[in-house]
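Here come two complexes built around subunit A, the first alongside subunit B, the second alongside subunit C.
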Partner chain A sequence: MNITEIKSEIAGDSYYKVEHPSGLTIFVYPKEGYTSSYAIFGTRYGSINTKFSVNGGDIITVPDGIAHYLEHKLFESEEGDAFVRYAKTGANANAYTSFEKTCYLFSCTDKFDESLEILLDFVQDPYFTAQTVAKEQGIIGQEIKMYDDSPDWRVMFNMLEGMYHNHPVKIDIAGTVETIAEITAEKLYEVYNVFYNLNNMVLCVAGNVTVDGVLKVADKMLKPCEKKEIKNYFETEPYEIKEPYVEQTFPVSMPLFNLGFKEKADKPLNENQLACTDILLSALASNTSTLYRKLMDSNLINSSFSYELFEGPGYCSVIFGGESRAPKQAAEMIKQYISDIKKTGIDKEDFEIARKSVYGDSVSSLNSVSAISNSIIDYEMQGNEIFTYIDAVANARLEDINARLAEMLDVNNCTLSVVKQPEEV
Partner chain B sequence: MNITEIKSEIAGDSYYKVEHPSGLTIFVYPKEGYTSSYAIFGTRYGSINTKFSVNGGDIITVPDGIAHYLEHKLFESEEGDAFVRYAKTGANANAYTSFEKTCYLFSCTDKFDESLEILLDFVQDPYFTAQTVAKEQGIIGQEIKMYDDSPDWRVMFNMLEGMYHNHPVKIDIAGTVETIAEITAEKLYEVYNVFYNLNNMVLCVAGNVTVDGVLKVADKMLKPCEKKEIKNYFETEPYEIKEPYVEQTFPVSMPLFNLGFKEKADKPLNENQLACTDILLSALASNTSTLYRKLMDSNLINSSFSYELFEGPGYCSVIFGGESRAPKQAAEMIKQYISDIKKTGIDKEDFEIARKSVYGDSVSSLNSVSAISNSIIDYEMQGNEIFTYIDAVANARLEDINARLAEMLDVNNCTLSVVKQPEEV
Partner chain C sequence: MNFINRNEIADGVFFTNIKDSRFKTMKISVNIVVPLSIETASENALVGGLLVRSCKKYPDFTVLSKKLSSLYGADLTSSLSKLGESQVLKISVSGLDDRYSLDDVSIAKELSELLCSVIFEPNVKDNAFIESELEQERRQLLDVIDSEFNEKRIYAMEQLIKHMCKDEVFGTKRYGTAEKIKAATAESLYRAWQNLLKTAKFEILYIGDSPADKAKEVFTKAFANIERNVATSSTDVVKNVSKEKHITEEMELSQSKLVMGFRTQISAGDDEAVAERLMCAVLGGTASSKLFNNVREKQSLCYYCSSAYDSIKGIMYINSGVEGENLEKAEKAILKEIEDMKNGEITDFEIEATKLAVVNSFKSSSDSVSGIENWYTGRIFNGDLETVEEVSAEVNAVTKEQIVNAANKLLLDTVYVLKNK
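On to the complex of A and B.
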């Protein structure tokens, strides 16, 4: 068993990466002085993984929304619901499905070993029948409709539909009422058996824990898996956006917008690129930036304004969004500002404030056992490491930020999505 | 039955207030075009209500944390768990206890009537036995310890302990392991029978609903209650803070601080005072303010910096807080800035940006059925009304804001709380 210690001079902390014989990669981040612990167990399987092959076989296509459906159903076993088992240990448990992963997690202060056993057990123990699968259709159908009522959710997916021609990131994580109707117990077992292979999964634990303690439970509970070669397929996605403007009417009191810049996505960003991008976006659009102030002064945004680097396998974009009385004007001001700053570069003082802010935020996230575990699993799944990222933020130079700016944020390759009240007649 | 329509010219919306014969106050806010709905059922009973009398009787004292304990136990009935019943209708349910109220809520898109029946049924149907009460002690004990590990939670309660001599707002909402050990089924029934009287409660529903639809369920499910006169007692609280500085060591990577200004709290703020205070605080300390920029430029805060008006029965304070490498310097800069601005008053331009920002945020909250319901119940429980508040924001004048500033934020009456890493020897 290969155990590596990963240390940070800056944070004064260290954690351990374990290559477990079962195939699972395990991270343990002991936090001395804490009484609580947090564990997250995830697989590289999200809503976009609907076309794949195993060990060089044929390409298999499964219904949209199946990863999320599987997450819901995995809590059930022949003996009952995992939440009921957690209730006995007092742990607080949850799960989520994103575009590229599915994760199961809990936090607790007592009976950590018992809760970790439950987590490792139910995720490794699928149980679906025609009845239990059918029962879920109504519940997930409601969840889908609930998101349809969320202006934030709609404005984002409309933007993704405007930006991407083919990439499945534009499809709702939960699928549609039509696609989930195609899901059967057999299909759930099929995707489960491919993606819930321990070699494709990561366990991350932080808090009042020790490496030995975690490994004792892991040795007992993990069922060795034969490694499979999983390939995911996505249709070729051109660099160019599909539509520059998309609009939906919806009874909102204040219109919403998302302005997305489609970026090159040939390979995932490394820690350095991520650090530079985060600093760049903070300098450009955080709430201390000149742009934010200009937008506020012009009454074009309110404090709901935010920005995001939105990146994963085969897709990458930068999204600015929020509420606005005049979304088109807000988008124009943002594009004009970006065009201007591309000529002059980021101001030295603005860069320093942004670097310190991103640095402070990333170091202070190490105060929370949940933030630690969530970050480590996120970074690991895109092939990065958190302390390397923090070092990159600390050492970033203005030249690097301006170099990043030069290759990003093409004002001729962006989509504006607006959700607004129907016009009165 | 008294039904009042409450209209907003500004928002172009209206909702209905119903005085139901059972004693319950019901609000219905139909949102046309939405498919989801949200219901919240709350009682004026929170963690601070531990000394009270009923119908002029003796003062009764109950253990700290009992309101929160009751919230946990109320989900159980002789027939099983309310969450299991909700699972059949597909609703997403939850509950919370704050300083001054306990609320039970759900959201859904289908089977709204059935879910509302479940909500009204289980909250009106207490069921506790010695066994079920004892079982919960472990779970709530873990929850309490979990909060002890949260630097954000610690830094706030340490500040409240430094600020308040007697008021129970300084006591953790969940109580302590010792106080919850005193809780019995009899005590739970006792507080239940006092505070879960429909005359002391509010139901608020928003979304894809009609007044008639909600009233049909209400008529069927609500059990008329005799009105009781409930009086809550709090020891006299002096205006002066108890301690200007409190510190706790805890293994955090970045120190945290809360700087709390103790305010007069003789009566709750009305809509006008709230509007002026919200605009004042936004102009002073929001992320577009001069103070925020100064703190950022000096590397004294990161983007976790925030501010809050923290107000309820018998307490009121303004809290600034976040992470800082040098909390004492950050606090000094904030106090110095407030002293200076008290002399000059808020700048006209800063006021305009703040007013527009608070206005935009409050109007845009009407886009969400959960935000609508949560706001209406919050405002109602402190005797206010949301549209009146929005009008007050729209009509606020700089003079009113400066008048508010003159009577608040006494730099000689504040407590700084710090949580930081133990010093290395």
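On to the complex of A and C.
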């Protein structure tokens, strides 16, 4: 078994990466003096993986929303519900499905070994029958409707639909009431057997834990898997956006907007590119920035304003969003500002402030066992490592930030999405 | 946790230091507590926003933000909450612990001084706040009110409280009303600020590894010049229901919301408060609760269905998202779960699982700065400084009989439905 220690001089922390003989990659991040622990077990399988092949075989297409449906159903086994088993250890358990991964997690203060056994056991033990699969249609149907009523959710998906021609990132993670009606027990087993292979998965544990303690449970519970060659297919996505403007009416008293810049996404960003992008966006749009000030002084945004880099397999964009009484004007001001700053570049003082701010945030995140584990699993699935990222932030240079600025944020390639109250008639 | 040290540094001003070396960050929170009142709530809310916007030393929002960012992304925030019938205005700073500074700056020292200066030396001129600053804050606060309507879960909850407590001080929102926000002036806010310094109770919490002496000294000095006359607040706990209220509102939505409010007849400080908390958690506070398992999982009637206990006000809430056509069924199913509890239909497994989950969440809170802050802020308002272990022991000692007794005191007061058209 290959165990590597990964250290950070700056943060004074270290953690361990284990290549387990079962095929699973395991991370253990002990936090001295902590009473709680957090474990997350994830697979590289999310809502966008609806077309794939295994070991060079035929391309298989599955219904939208199946990854999320599978997440719900995996909690059941022949012996009963995993939540009932967790109830005996007191752990707080949950799961989520995102665009590119599905994760099962728990946090606890006592009986960690028992809870980890439950986690590893139920995720490796699928049990689907026609009856149990049918039963879930109701709950998931209601979950889909709940999101239909969320203006924040709608404004983002409308934007993704406006931005992407083909990439499945534009499809709601839970699918639709129609697509989930096509899901059967056979289909769930089919995707399970492809993607829930330990070679395609990551376990990360942080808190009041030791490598030996975790490996003892892992050795007992993990069932060795033969490595499979999984290939995911996404239709070719043009560089250009599909629509510059999309709008939906909704009972809201404050209109919402998302302005998304479509970025090239041929390969995932590495730690250095991520660090530069985060510093760049902070200098550009955080509350210290000239842009933020201009938007505020013009009453075009309020404190709900935010920005993010939104990236995954085959998609990448930068999203600015928030509440605004005049979303179109807000978007125009952002685009104008970006055009202007592309000519001059970010100045030294703004860069220094942004670098310190991003550095502080990244070190602060190492306080929390959940934030640590979630970040490590995210970074690993993208082929990155968290301490390398923090070092890249601390050592970032202005010229690299300006080089990033030059290659992103094309003001002629962005989509504005607005959710607002219907006009009075 | 290493130690807790608590002193009264001025009349009604308490400084609590919780020293802990495990974290990368430190935090200082100043809780400014006044009786909730529809007359003053909006002005106090505006003052909170203005204080963290700028101050004498950093007289502009961008200048202040840049100062914070260059202190490694430190945060200065104000937040507003309602604790029973007290309004709590919290102003806090948090930032990296000095060990992680990339230069020689003491972040803790800088932040202590900054926090003190925003509270005591605001950006004022001729006994008034700056007009343009006020207009920005006023707009922000009015936007917050409007955005509550966007999130229907929050809106439904606010509507329930509005109807249920319409004759009580508790019916006042934490930020008062839009009318009062619009009526406030730069001068009236200056007076409101001075009034807070004179009459509010102050609870200052310092959590971190670096010594708190400097911060304590700065605050002690600042209060030494102020003539204090502290206004105490109390909360009226209503223990009867003359007539159940049912309110339905219609809106263009795909899902309906069903919210219920119960008088518990038990509040913080009562011997039965811990049993009440556990009763509420058995009913709908965990993933093994009755509402989650029976109403959501077995009957598929709600996407979410949970209960929460406000111990200070003595109210229990049930919150659920329901298909319009299932509203009646869901309400009946929820009330049936409560009836079952009143009749003692609670298994040992349900009680044990709930105790484990509650104790687990208590203990987990001691592993984060904000968890520690919330725990001790809650304890201080409860009138004791009990530790996680002490309260956990009380939870574990609760019997089934006590839970059944607590359930039998529940009185349904108001049902609010936000129905999809």
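Of note:
Note that in this section the second predicted complex is superposed on the first by the 425 of 425 C-alpha atoms of A that agree within 3 Å, B and C clash if a C-alpha of one lies under 4 Å from a C-alpha of the other, contacts with A are read in each partner's own complex, and residues count from 1 in each chain.
Here is the rule we use: a residue touches a chain if its C-beta (ideal position, glycine included) is under 8 Å from a C-beta of that chain, and two chains touch if they have at least 3 such contacts.
None of the values given here were measured: they were computed from a predicted structure.
Three-chain overlay on subunit A, with subunit B and subunit C in a clash. Of the two partner chains, neither subunit B nor subunit C is touched by A:T61. After overlaying the two complexes on the shared chain, residue contacts for A:T132 are found with neither subunit B nor subunit C. In the superposed pair of complexes, A:A394 makes contact with subunit C only, with no contact to subunit B.
Judged by the touch definition given at the top, the superposed model places A:N412 against neither subunit B nor subunit C. In the superposition on chain A, contact is made by A:A93 with subunit C only, not with subunit B. Comparing which residues of subunit A touch subunit B with which touch subunit C, the overlap comprises 11-12, 31-36, 87, 90-92, 107-110, 138-139, 142-143, 145-146, 148-151, 207, 250-254, 256, 282, 286-288, 293, 296, 299, 302-304, 323, 353, 356-357, 359-361, 363-364, 366-369. Taken in their complex, subunit C has these residues touching subunit A: 21-25, 61-62, 65-66, 68-74, 95-96, 99-100, 102, 136, 139-140, 143-144, 146-147, 149-152, 251-255, 286-288, 296-297, 300, 302-304, 321, 323, 349, 353, 356-357, 359-361, 363-364, 366-369. Residues 11-13, 31-36, 87, 90-92, 107-110, 138-139, 141-143, 145-146, 148-151, 207, 250-254, 256, 282, 286-288, 292-293, 296-297, 299, 301-304, 323, 325, 349, 353, 356-357, 359-361, 363-364, 366-369 of subunit B are the ones touching subunit A in the complex. Here subunit A touches subunit C in the complex through residues 10-12, 31-36, 81, 83-84, 86-93, 107-110, 135, 138-139, 142-143, 145-146, 148-152, 207, 250-254, 256, 282, 286-288, 290, 293, 296, 299, 302-304, 323, 352-354, 356-361, 363-364, 366-369, 394, going by the rule given at the top.
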